[in-house]
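A, B, C and D are the chain letters, set down in written order, and residue numbers restart from 1 in every chain.
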Amino acid sequence: MTVNIGLIGLGMIGRDHLQRFQTVIQNARVSAVCDINRNVTDAIAREYGAQPYYDAVEMIQSDDVDAIFICSIGPVHKEQILAAIKAGKPVFCEKPLTPTANEAKAIIDAEVAYGKRMLQLGFMRRFDPGYNQLKATLDSGELGEILLIHCAHRNASVPESYTLEMAINDSATHEIDIIRYLLNENIVSVRVDKPQKKTRRACAHLQDPLIVIFETESGVRIDDELFVNCDYGYDIRCEVIGENAISALTEQALTTVRSAQGYSRAIPKTCMERFATAYDREVQNFVDRVNLGAEMSGPSSWDGFVVAMVCDAGLASLKDGEKHAVSLPECPALYR
Amino acid sequence: MTVNIGLIGLGMIGRDHLQRFQTVIQNARVSAVCDINRNVTDAIAREYGAQPYYDAVEMIQSDDVDAIFICSIGPVHKEQILAAIKAGKPVFCEKPLTPTANEAKAIIDAEVAYGKRMLQLGFMRRFDPGYNQLKATLDSGELGEILLIHCAHRNASVPESYTLEMAINDSATHEIDIIRYLLNENIVSVRVDKPQKKTRRACAHLQDPLIVIFETESGVRIDDELFVNCDYGYDIRCEVIGENAISALTEQALTTVRSAQGYSRAIPKTCMERFATAYDREVQNFVDRVNLGAEMSGPSSWDGFVVAMVCDAGLASLKDGEKHAVSLPECPALYR
Amino acid sequence: MTVNIGLIGLGMIGRDHLQRFQTVIQNARVSAVCDINRNVTDAIAREYGAQPYYDAVEMIQSDDVDAIFICSIGPVHKEQILAAIKAGKPVFCEKPLTPTANEAKAIIDAEVAYGKRMLQLGFMRRFDPGYNQLKATLDSGELGEILLIHCAHRNASVPESYTLEMAINDSATHEIDIIRYLLNENIVSVRVDKPQKKTRRACAHLQDPLIVIFETESGVRIDDELFVNCDYGYDIRCEVIGENAISALTEQALTTVRSAQGYSRAIPKTCMERFATAYDREVQNFVDRVNLGAEMSGPSSWDGFVVAMVCDAGLASLKDGEKHAVSLPECPALYR
Amino acid sequence: MTVNIGLIGLGMIGRDHLQRFQTVIQNARVSAVCDINRNVTDAIAREYGAQPYYDAVEMIQSDDVDAIFICSIGPVHKEQILAAIKAGKPVFCEKPLTPTANEAKAIIDAEVAYGKRMLQLGFMRRFDPGYNQLKATLDSGELGEILLIHCAHRNASVPESYTLEMAINDSATHEIDIIRYLLNENIVSVRVDKPQKKTRRACAHLQDPLIVIFETESGVRIDDELFVNCDYGYDIRCEVIGENAISALTEQALTTVRSAQGYSRAIPKTCMERFATAYDREVQNFVDRVNLGAEMSGPSSWDGFVVAMVCDAGLASLKDGEKHAVSLPECPALYR
């Protein structure tokens, strides 16, 4: 069966997924596209043989689409997701779920009322083979009780539009989600450390690098170096320290070169390059679940809500430098 | 569109591909299965909801199938492939194409007469991301003129049924094909070196390890260590020595562990584990080409014929230890 | 010329150095040994053909010795060092210089009054080829301005006598000194983070692991994971993050092994194993300077005093968890 | 005690050792220097405060020197070594022992007649910590029975004076010696493979790279890639394949760099850089043995003779491409 996908938002990430549906994803086609920019929408609709829409809710309700793929900006996510749930159509939503925890709560309430997981959130790292292997090692018990995790999240550079808050809301969100995935427990506090020195490659309004320190329910301490103008590449690192052993992600290079420059391995330049397999697998997972008529799997609305709560604490700490607690309501049975 | 696949041969590799069609491959289903063992065929047909056949040619000709997937033993490949070409149905054939170069020649003649590439041969390494990156580095010119290649092909162990000749016909075939892929040129000579020492883990009828030395048209010298009872894992290595630089496959581990046993990375235990991505990609490539109504791509009948010719020289050298030339007829235009 | 060494303190580290003088160090001999334990002293004096002393000051003043080598416990260092300076004899002192910064100050005053550097302190890492190469990379400017340093200091295990304070006074001292060596600047603040979880391998009175965070004058932020019961080995890591590039210590393994356990490299089990070359080179450096009649080089009394000041701030933070400033007097000209 | 060294030959390697005696080696001084070039000799003698000699035998016999250090060209080694033995003075001789096996035999006869090992040959790799660790792993039995060894010997470039024969006599000699060291057995055959392609970086008179294949008494097969214009650095590799496991030398880098060029480790540029520690340790070993009044240890005259015999077979194979046997006389008791 071929799933008819309605894709909302034709910016960079939307077009990247559109390309993915064309070349990699099986059993699905983008049958309708929607963007408030009519010219862009018409051009892309023509190119891909999809139905053009300029109003997301209208498209969500139409018979042209079986499932919704949201790549629009955060502030409109809530309305679009609620419309999809109301229409009984499964929805994939790029992160963040919503800009605020409050809005995320409304989505959870609607999904719980609907009685079934309808949404997969775009935390693609959960589909990365490296993180999957790391989790398998943790789950095997080989490392013993986990004590510490050291993370680094490095981008070659960010555009001028990247704000200080995005270090939390855009970059750290990935570690926030993956820590919960690795450890099967929640984060209970956040503290943001602003080193006095910042790279001269960063815009004046940024503090770069930052160090964020998380604690989990059981007391695991995680430090996360966020360095978004590191210049040399896109480099994601994760080292898990256990009582018995330590496991870490490798550079995952496929080949080496020995040359006059030394013995070297390539480092990815972009997120798209580093997590190419993860992106493909998360989207295929969504399509496969739709095709099975099953509940959605992978990162959920609840995960999006929890990440938003942790981000709120992080943003508060970004202002005052203090440790802020994260206090979560009880997790609804639907997400357990 | 969903391609209806007729799968011939329900041994280990056939069942592995059957599983792959069930779980990974998109836009295709195994609609018919065929094996001379009627009980096995009936059981699997029932389990997978496929039509059972006990005669391959009958299945090939039936309307149940759009494309043929051959996992039977080598001696019956020729008849099955010729029937598929005659029926105008695309065919994927597990290596070897045929046990002898003569039989392979008959297939080429039939395909040339048909006027279109109808077959993809199962040399999955051409779809391995590591080899793909190695080839990209070669093609980029970064290494300069290529002088030497060092290969190693190590299996943890082989069953008692593995014969001395299979070191050439089964194991070395992979390097024979991949060298041609990497260098875009043919092998012109083969010499098999039998080291005096063999591992006591090998059966009495084997000589293990073996060293095979190839030369290409332009004079590149390749040595290939075949060690099929190395005990420690399935380990494939390839180092390409150029005038300017050297590039090699890595171990491709995704994570590391620091423990009382040291600082370690896992080594795959089996071919299926090491080349999982390559297997998935080669089969998906076949299905995609069928769906496009395009000519087949990837390793061709001609590649299978050439490998068979190189193997013949290798088997001759296995007997006398001398260097044997490989003399190829002109490559038909269809395969250039 | 052969330097006559008077060695004080015949415990584990004293005996290790004694062995080093016997087997590795050139142009020096241990001509006298001193310990308050008379039986031990007599036995070792006999074995090594050295003059036995039971009173350190008496030995320092005797004509039997040209230079003093202090391996006694910290509380007696001050008296012994002052006696050596008074006698005009160069002195090597194992770290710490003194248990308190006040005592260290007295040594500095005496050395300044003497008008010449008379002491080399036992921070052996400054003689480690890995740290030397890291410093050369920093000094070359290749990394650009330095922003962050991540350190880890892991011991397989510590004896029951190891106290919570020793994590600062014994373990972190090495990073405190080496950071100053790498960056050519002082540490201005210390904060000790106590993760909520501790390894069950640690004694009840310990908090293990600990994270210590330093800031330098220019604002470089350093985090140091102290994990002294990590079980798997003695593992020292240092990663320096610059504006342009990042450099880090490797595992420095000389060989690899591929076995059924995977692809592995050995990790040293002890400090003595990891820093064998550094120990040899620091002692030879001391002997060479004595032989040249030159001022002492390498880590100085001032370095010892500064480390003691940073440790005091660290111990205060260990109690209250707050960030404590380090406020240093002006560095005397002798040490600049 | 300080050994008075008489150094013969003030070319590049002689001056390098002179520098080593000045800065690293303990318990020895170069008290006399000798070269047929009087100007060079006088200048160096003045600079280092050594006695100048223009005739090697005269210097060997003088009371100025306790031990002889030969860095002259091969053809004069025999006369100088025999004079040293006659004078009862220990001698260190840079490789090769002599240009021909016949001359080497004369030295062995003289040393056997003298009744004591008087010579250490300059195969410095036996003092390299990496090879030492590799040998320890072999000797531990961890690898099981050894089956194959893969070696590579790569120089960035060689001067125009480097001849085709020197690939055997100068480069391969190191592997010839180290294989015997690692395996404790002799080489019984040699075959030189000349790949058809050579690097355009090599002079017209060279064949570069070459592959040399050795077999040992027990049947271990060794291949050695000699590539002396590889351009990228000085790179020595050795991988030992055993029945149970495989061990190999690492790149032995002390630090890594992550930069826009990727994740890299330095590769040494010269032999002196790669084997700095080995050179220091071999010379110190010689001095220590002299000081002990002990027989010489490390590579012996017999090792030099055996290497010369293997080289003779290698040179014969370089001409005809055939496998040549090495047939050794019985090893005198002195060297067993």
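We adopt the following convention: a residue touches a chain if its C-beta (ideal position, glycine included) is under 8 Å from a C-beta of that chain, and two chains touch if they have at least 3 such contacts.
Molecules present, by chain and UniProt name: A, B, C, D = Inositol 2-dehydrogenase.
Since we're looking at a predicted model, the values are computed, not measured.
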item: A-C or A-D - the one linked by more C-beta pairs in contact; value: A-C
item: Label of the chain whose CA centroid is most distant from the centroid of chain B; value: C
item: Mean-CA-position distance for chain D and chain A (Å); value: 58
item: Distance from chain B to chain A - Cα centre to Cα centre, in angstrom; value: 38
item: Rounded Å distance, chain A centre to chain C centre (Cα mean); value: 45
item: Shared-contact residues (touching 2 or more other chains) in chain C; value: 231-232, 244-246, 253, 258-260, 265
item: Parts of chain B lying in touch with chain C, wherever the complex brings them together; value: 231-233, 235, 251, 253, 258-267
item: Residue ranges of chain C touching chain A (in the complex, touch as defined); value: 145-148, 150, 193, 195-201, 209, 211, 213, 215, 218-221, 223, 225, 227, 230-232, 241, 243-246
item: Interfacial residue positions of chain A with respect to chain B in the complex; value: 25-27, 129-130, 133-134, 137, 142, 244-250, 252-260, 265
